[in-house]
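Letters A, B and C name the chains as they come in the text, with residue numbers starting at 1 for each one.
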Amino acid sequence: MTYFLYVFDLTGVFFFAISGAIAGRKNEMDIFGMFMLALVTAIGGGTLRSLLIGVTPPPVLRDPAYISLAAGATIVSLFAEPLWEKWQRAVSLFDAVGLGVFVCIGIQVAQNQGLAPWACLAMGLVTATFGGVLRDLFRAEVPLIFRKEIYATAALLGGLVYLLGDLLGMLPRYNIPITTV
Amino acid sequence: MTYFLYVFDLTGVFFFAISGAIAGRKNEMDIFGMFMLALVTAIGGGTLRSLLIGVTPPPVLRDPAYISLAAGATIVSLFAEPLWEKWQRAVSLFDAVGLGVFVCIGIQVAQNQGLAPWACLAMGLVTATFGGVLRDLFRAEVPLIFRKEIYATAALLGGLVYLLGDLLGMLPRYNIPITTV
Amino acid sequence: MTYFLYVFDLTGVFFFAISGAIAGRKNEMDIFGMFMLALVTAIGGGTLRSLLIGVTPPPVLRDPAYISLAAGATIVSLFAEPLWEKWQRAVSLFDAVGLGVFVCIGIQVAQNQGLAPWACLAMGLVTATFGGVLRDLFRAEVPLIFRKEIYATAALLGGLVYLLGDLLGMLPRYNIPITTV
């Protein structure tokens, strides 16, 4: 994974972790529960992807940055509590950015493993959405992705854009920001 | 996997996908949620089995037929909505057929990996039941298999019949339909 | 795995299985549901750990002792039903013993795979807590570990004690009971 991709990955992880920590707070979890939910939301998608394509151990066990970022996002969420009302829009933005980044990373990792394009697309979607599915499962709710198709549709479109850009020979360097938008 | 087994596998996938799509509809999911639930129900068991015995990537990432069938089953379920009342019996039938087929396939795949007979039986049960467990988890319900032992008992009996037939040297070709019945 | 560690492992499995079976009974599951919940609670943590560090098939598929113990624990739970009121304290004790044992085993297995100390600690926590998470998920409840931080804190402390003892060159033989306490 190039340095560029790595920075994007960590950005997505941080944004998803914030979304998980806030969700935990809404369920009246304590700081530990919030951290767990932040971590699961942030790394659930990438970890399932790793298991499915047989690359073990998954990134979260190889690089302490992921757990550290989840811990940091939890603390940020706690201190920023008074700002939450204003954050409603921002949280959706966080989700959207994380989604776009993770779709691209999932596709790229799957491509490196030699999977067919449609399977790479599926891995992009899994990477982008499974963290949120776990977040909702652990709160005993029907996952958002099953109820609001907008997230999945956005991830699917993003993945298609990325694959198209890839086909046209674009460098990931330019492709990822475009897809994220 | 022989051609014969493959056709049976796809049949089971289609039947389980129908069951998942209808379950999603009952939870007032949109077409995308139905598709996701159809896919998860259809491939959840086989995918967990693949992960457990260490055969990656799982079938769903190697053969586009699985995702295509789940999509087809979702569309069939949508158009056949007026028939659902009459389908109540049929859905149970779908479940039963899928169950029988998946038990046999799970056992056979595990046998190919050299697992002990009792572990093969366990893999047959996992293949047959875990898709339904995921279907219920994603609807935030206690999985049916934990509440109605009939499904698990049927799968267990089917698996034992299959193993017995295998012991007696029967060809899978004849054994699978018998087990399914 | 040494004989000593193996006996401890089975002890932890039995205690967690009891906790799972009793939880199933409280949800009015039949004997089969109780067994399933006992098994999932007992082996969920170790199985996820195996998948994450890429050691397949997981222990539960290699050694019939795990499934047998879960079955035994289910039967014990059924017959001991009148004693449950008195067991309230004991169940917590069972959980605590299982937790301590599993943390140590998780860490040791991860160390054998050459993971970094912090990742070994994470695997110890996963081994100790994920069975309980599955137990609660399958009962459609928010997992206890997300709500009561005492379990996770205890497991984390136990893991740190174990790692510290390991650093000081203590033999696991003496280290595990200390950690468990």
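Observations
By definition in this document, a residue touches a chain if its C-beta (ideal position, glycine included) is under 8 Å from a C-beta of that chain, and two chains touch if they have at least 3 such contacts.
This one's a predicted model, so the numbers in the text were calculated from it and none came from an experiment.
Chain contacts in this assembly form a complete graph, since each chain touches every other chain.
Because chain A and chain B carry the same sequence, their contact can be compared by residue number, and under half of the numbers here are used by both. With centres defined as mean CA coordinates, chain B is found 29 Å away from chain A. Touching two or more other chains at once are residues 51, 54, 137, 140 of chain C.
Taken together, the chain B residues at the contact with chain A in this complex read 24, 27, 29-33, 36-37, 47, 51, 54, 56-58, 60-62, 64, 67, 137-140. Only residues 51-54, 113, 115-116, 118-119, 122-123, 133, 137, 140-143, 145-147, 149, 152-153 of chain C touch chain A when the two sit together in their complex.
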